[in-house]
Amino acid sequence: MTIAHLPTDEKAEKPGTGPGVPSIIETRESEVRGYCRGWPTTFDTAQGAWITDTSGRKFLDFFAGAGSLNYGHNNPILKEALIDYIARDGITHGLDMATVAKKEFLETFEDVILKPRKLDYKVQFPGPTGTNSVEAALKLARKATGREAIINFTNAFHGMTLGALSVTGNSMKRAGAGIPLVHATPMPYDNYFGGVTEDFQWFERVLDDSGSGLNRPAAVIVETVQGEGGVNVARPEWLAALAELCARRDILLIVDDVQMGCGRTGPFFSFEIAGITPDIVTVSKSISGYGLPMALTLFKPELDIWAPGEHNGTFRGNNPAFVTSKVALDTYWSNNALELDTIRKGQKIAENFDNLAKKYEGEVHGRGRGMVQGLVFDKPELASKACEIAFGNGLLAETSGPSDEVVKLLPPLTLTDDELDQGLAILADATEQVLS
Amino acid sequence: MTIAHLPTDEKAEKPGTGPGVPSIIETRESEVRGYCRGWPTTFDTAQGAWITDTSGRKFLDFFAGAGSLNYGHNNPILKEALIDYIARDGITHGLDMATVAKKEFLETFEDVILKPRKLDYKVQFPGPTGTNSVEAALKLARKATGREAIINFTNAFHGMTLGALSVTGNSMKRAGAGIPLVHATPMPYDNYFGGVTEDFQWFERVLDDSGSGLNRPAAVIVETVQGEGGVNVARPEWLAALAELCARRDILLIVDDVQMGCGRTGPFFSFEIAGITPDIVTVSKSISGYGLPMALTLFKPELDIWAPGEHNGTFRGNNPAFVTSKVALDTYWSNNALELDTIRKGQKIAENFDNLAKKYEGEVHGRGRGMVQGLVFDKPELASKACEIAFGNGLLAETSGPSDEVVKLLPPLTLTDDELDQGLAILADATEQVLS
Amino acid sequence: MTIAHLPTDEKAEKPGTGPGVPSIIETRESEVRGYCRGWPTTFDTAQGAWITDTSGRKFLDFFAGAGSLNYGHNNPILKEALIDYIARDGITHGLDMATVAKKEFLETFEDVILKPRKLDYKVQFPGPTGTNSVEAALKLARKATGREAIINFTNAFHGMTLGALSVTGNSMKRAGAGIPLVHATPMPYDNYFGGVTEDFQWFERVLDDSGSGLNRPAAVIVETVQGEGGVNVARPEWLAALAELCARRDILLIVDDVQMGCGRTGPFFSFEIAGITPDIVTVSKSISGYGLPMALTLFKPELDIWAPGEHNGTFRGNNPAFVTSKVALDTYWSNNALELDTIRKGQKIAENFDNLAKKYEGEVHGRGRGMVQGLVFDKPELASKACEIAFGNGLLAETSGPSDEVVKLLPPLTLTDDELDQGLAILADATEQVLS
Amino acid sequence: MTIAHLPTDEKAEKPGTGPGVPSIIETRESEVRGYCRGWPTTFDTAQGAWITDTSGRKFLDFFAGAGSLNYGHNNPILKEALIDYIARDGITHGLDMATVAKKEFLETFEDVILKPRKLDYKVQFPGPTGTNSVEAALKLARKATGREAIINFTNAFHGMTLGALSVTGNSMKRAGAGIPLVHATPMPYDNYFGGVTEDFQWFERVLDDSGSGLNRPAAVIVETVQGEGGVNVARPEWLAALAELCARRDILLIVDDVQMGCGRTGPFFSFEIAGITPDIVTVSKSISGYGLPMALTLFKPELDIWAPGEHNGTFRGNNPAFVTSKVALDTYWSNNALELDTIRKGQKIAENFDNLAKKYEGEVHGRGRGMVQGLVFDKPELASKACEIAFGNGLLAETSGPSDEVVKLLPPLTLTDDELDQGLAILADATEQVLS
């Protein structure tokens, strides 16, 4: 397949000559806006792996709502359930009242997700965003242990509200806080020293040394794969050792599965591969399945020491999201087909990247797990350039990493092989252009 | 009208004999759940001012999603637009990409809300919840001034994430943080001393005294009416004096209009009554009009010093909410009919409460503005009791205030006079029961 | 008596024509130096109330080491004991080893100070400075209560190390911290509103309001008279009400008696006048009696929960200071003669200031207790000017208060009436000059 | 030489049968007292390396005021100058007024210490203790850089006030703070991983990684040898690399020379060996030479951005200490005799320890620099036992290190070789007893 045959090509306009960004956005929306700068067009509709702008130009979306659209845009099965629910005046806004939609979600979550995995988590609805779930997790960990300190990892990303931002690595985002961010100490993520240094050498040493000056932590918060941090992949044995280390020292382990959960790496929870049971798990992004705001904080029953209403939030009961979530779980997680397919497609991407790495030795290489795969450029600025070219050729992909040196692919898990091939071809083509 | 004639009565079951709360919620959802405890039934559908449980029992909802449903449940005008949008595969999840839905929302917001009020605010989409909007506001205020301290008010409520929680008064919720909440200093809200002490006596004195020990604040954050704090109403002249005080000392004024905005007190922004232009305004809850998660942070153009992407959030582009929001603005804010009607109905509630106050002198009294009205019980525990009885008779109303001593009414602005009368009759009846 | 008859006059040189400040101090000592700027000469020897510069010019010292020389410079009784001790090779540096000098100090402190006042305080030697004593007090209060917040008062001064600085009011000094100073909330000191507002109205209200947003304090720290803050005098009944308020709410009361203790206001402890027993008391400055570094932290036995060595300090066992302290206690506190004399002389100063206030109505007024007395100038800049003139005429006196508007007198308690008259005459003369 | 011949033996009483600790200390002094527990006797006089208790028993003092008595107890040269000064009524307490004693100290410090070393430091008198000097250093570093974060090292000890405690490692002492200690991040001290890991691997990596989550530090604070931390010795090349690393990244380097300065390791400043010029240096302990409280904060002229009086302290002008300090500098630092002698004696101790290490292979080993030398016991509890036996045989030595596993020797630099031999013999004997 060549780029020339892409369906997007028919109507493709050169970047900058399309509909562009509406002037109201440029004049009225804050300077904080970001994606509309890199993808300077106006999007209108979307379906599956495709998103269409107002000129009718179609783009393959390998960004998928930053991992919020694992089942594709406007997934028809969920869409039907959603429209039905709205049409029959099902409750939209429910705070934490008991509703049919919540009941059915919880029953399905228990039957389809928790029980088969022998997980006995209590479920909190902390507000419908990942950052809110992280805030609830940190609050609970501190309350349960009576300690304040949190260990995070280099290049972690956990959110923008003050608690979550404190455990996030990116210095530009940290600077936005306007106050010193305290109570968090970064530790080296897996492979931070290129394999030279023994795992947890530093972390264990300071934990065990009563004179190290490290405040004893309430919890460790970790992503199994760091998406925003540059598609850094923690090995299962590293995660297992981390869990064991935490358990031995009575430190709670929080897995932030906001981006990597809901099947992104293969299994529903990304930590399953390591055979561990975190004390607390944050879930958001693709949990509703339809891109609707929804989040969960899961924790072991013995940690459920919240007082009623101690943490609340206006939109914690987003019932339409419960509806689509329930259907998504039923549809995609009643068996392991999606998991296997995700692993298979992930390998396809990895092989594709390996081929690029061979072709452009020393200039690019790939890394990832399941369907989060990064193409790392040795010259950081080329990653953005490749994405820009890809956009011009009909592919949405974003960069990540501390120097934006990684093209991060998060395609819908449900895209077709043909769509996957098309997207990879566009990226390969863009890579060639920037490296030649 | 007597309670006997209420439509809810036909199918009414005694409290506790209805469907109750599903066992999955009691076993699987965290202890943090709240409203399902006070209203122990399972809700299914809703329309306008009415919400129906699985037994078919109907309740008048004078709680309205804690102020998120100013136009009623599943407002048919918005519903139609929403279903159309979903049906035609309009983009659901858009981060901060430029989309048709966002463009149309911004244009409408500019034309219908900002321009007529001569407000030149930049618009940030900070994540779809009120607490996220508050976090963005605090971050921006600190970044813009280079100061860390914030002044909040007694009995303030601004949210549950760490930054917002720091400026929230409720001690139970503060305790949930698990770390000392710092950088905020409370000042007395209007009428905190029953009118005895001059306004801002303490605040101005410590600001002007270089030896007072008060860290110079970046901003003051204030609600024009404190909903969670007990329906405490700031006088327009107090708000104007506060704005003047801030301006004179180069302190930013943040009005948190999450609950009181979108017409709850009459005008679209609750601060309009004071003739002030805050530096930063937070908006959420009813801004989508349909109970969908959405939030805005508004600020003067000179404060728009964000770097691109410095504050972000996965669900900041909840496009279905933009769609319903646009329609809601067009429908309800193109003229001042709703505003006038809200004021009129608010007076009706206030008169009703005044009658109760006369009847039960020294035992209850009312306070409020527009359609946020509180009935304050001298014996705090009676407020909850009244709400419990009201629930049994088909009315949802919640308590607020530091001792939960206030029955807080937040009916949909769009309910009929007949519905309003029904609800007030149920509450009057409940009041009579607890006071006799 | 006229200025012309002052013994200092004989050799007096005009300011600026004396020896001046040595150039090594101007080139080598940090810009942080202060007093040598206002008193631009080089001092050499001192005796009693007199300090002499290298030109032989003598100054009456009504500053007395900022309250560290209550018994005058180089008090001969203490001097003899000190030289004897040094001559016989008594231990100089003793950390917290048991030494004869410490034993004798403790026995005397118990017999002469604690027992007669029925005070059962444990004694900590926290390091030999006031700020260290305050740090120990705050640490202990937090450890004992498990709370972090401290209440301080407007215009408080407690020291320059980070903990003490957090509870200090002066904004210039606070700015020196370089980090946000948190965990402390200022409350209005007695008479902060000129008598208009009821005592503790604000403090009690926010303590009792669970929604006020005030973190529940571990302790209140208070000076009975604020020296640095401008000679603000708390009434005994205010102090008693504060103690009662703290006791009722299980908040520890710390009296910082570093400057006002050791007889400055009359009784040994300045809080005796209020009939209260603080939970923790800090003592330093004049405790050694000879101007040697020494400090104590006193607390009720039930608060003595320190682990051995949990707070330490290299110079906490400054044994020569124990020697002079013991002799000072024996000499001046075995009966109430000094106390009565201090009160008498204090009244003399107060009357003198009242006369000035009558003479220059609306331009100056006096306030103080015992032998800490302030002359408050309506035009703040005149206070410094008066001190400058007084220095030219042979009197050392410093200014204090947020605008340096107060001439603060802290003469040695042991000066003669004649010396007191001389000093007051110089100040009266200077006052006349600046006001005419 | 055998223990039997020690002069202390004549009057030696068995531990526990001597004078013991006075009961007033056990009943009245706080539980925080420490050294009087390990050395349960009552000391009275001291001279040179010897300290004598009330029973007349003499002890060799290899502890020397925790490094405050580098020239021995009550050094006769200094003593004479001190008594002369006191006798002639030289100013005792001088705040920061210009005095003859201060002038002469500064001139001598410039001539004898700064100029020969080509150091152009401004001198601050921050209050007379090491912790106060550290507080001043941290404040200045933060003020000068506008950053809050400080890097400290594992097992650092910098003092007990809140700022200094934040950068101290010992967890027991940190717990005394009663609030979370923030703004400091520990890094591994030299040889923390037994030589396995490359120097600064972790520190440089997180500094250079904009996504590491490390707040950019204002300063690094380091001891060249960690005394309290267990006599951990940083190699000169490590210190030089640290200085270079700081310079390259515009981070200030603070050397805390409170214990290791004033010749303890050989040269006057312990950092001279590394050929570096720190930005800020803290000096205290032996700077007065006589065990009198005194401290300096030194910094490069361009950092002298203090406002007058921005940091102050009652005892910052302890003039008798200036007098003894000047004489000590003149006496011991006008040539390099003491430095060479310290190195020679240090080697003697080191050889002695090496012999013990050979004799008791795997059970003890030595480490140190100059005359701070540690004997490390493989079984930590034996170090305290050895000190206890040594005390019984007339030697004062303390333990240090996170598990108190190190016998730390800090003899007076001026002791005789014979005295050194005696002390080492007692320790060797005690070591033999605990290891056999």
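By written order: A, B, C and D. Residues from 1 in each chain.
By our rule, contacts are C-beta pairs under 8 Å (C-beta built on N, C-alpha and C of every residue); 3 or more make two chains touch, one makes a residue touch a chain.
Just so it is clear, the model here is predicted, and its values are computed rather than measured.
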Interchain contact steps from chain A to chain C (minimum; 1 if touching): 1
Selected interface, A-B versus B-C, where C-beta contact pairs are more numerous: A-B
Between chain B and chain C, centroid-to-centroid distance (C-alpha), Å: 51
Intercentroid distance (Cα basis), chain B paired with chain A, Å: 31
Contacts with two or more other chains, residues of chain A listed in rising order: 148, 172, 179-180, 183
Contact footprint of chain C on chain A as seen in their complex: 179-180
Residue ranges of chain C touching chain B (in the complex, touch as defined): 148-149, 152-156, 167-172, 174, 180-186, 188, 192-193, 197, 201-202, 205-206, 209-216, 229-230, 401-403
Sites on chain D touched by chain C in the complex: 21-22, 24-25, 28-37, 39-47, 51, 54, 65-69, 73-74, 79, 82-83, 86-100, 102-103, 106-107, 109-110, 122-132, 135-136, 138-143, 146, 148, 159-164, 166, 172-173, 175-180, 183, 218, 258, 284-285, 290-293, 297, 299, 304-315, 318, 320
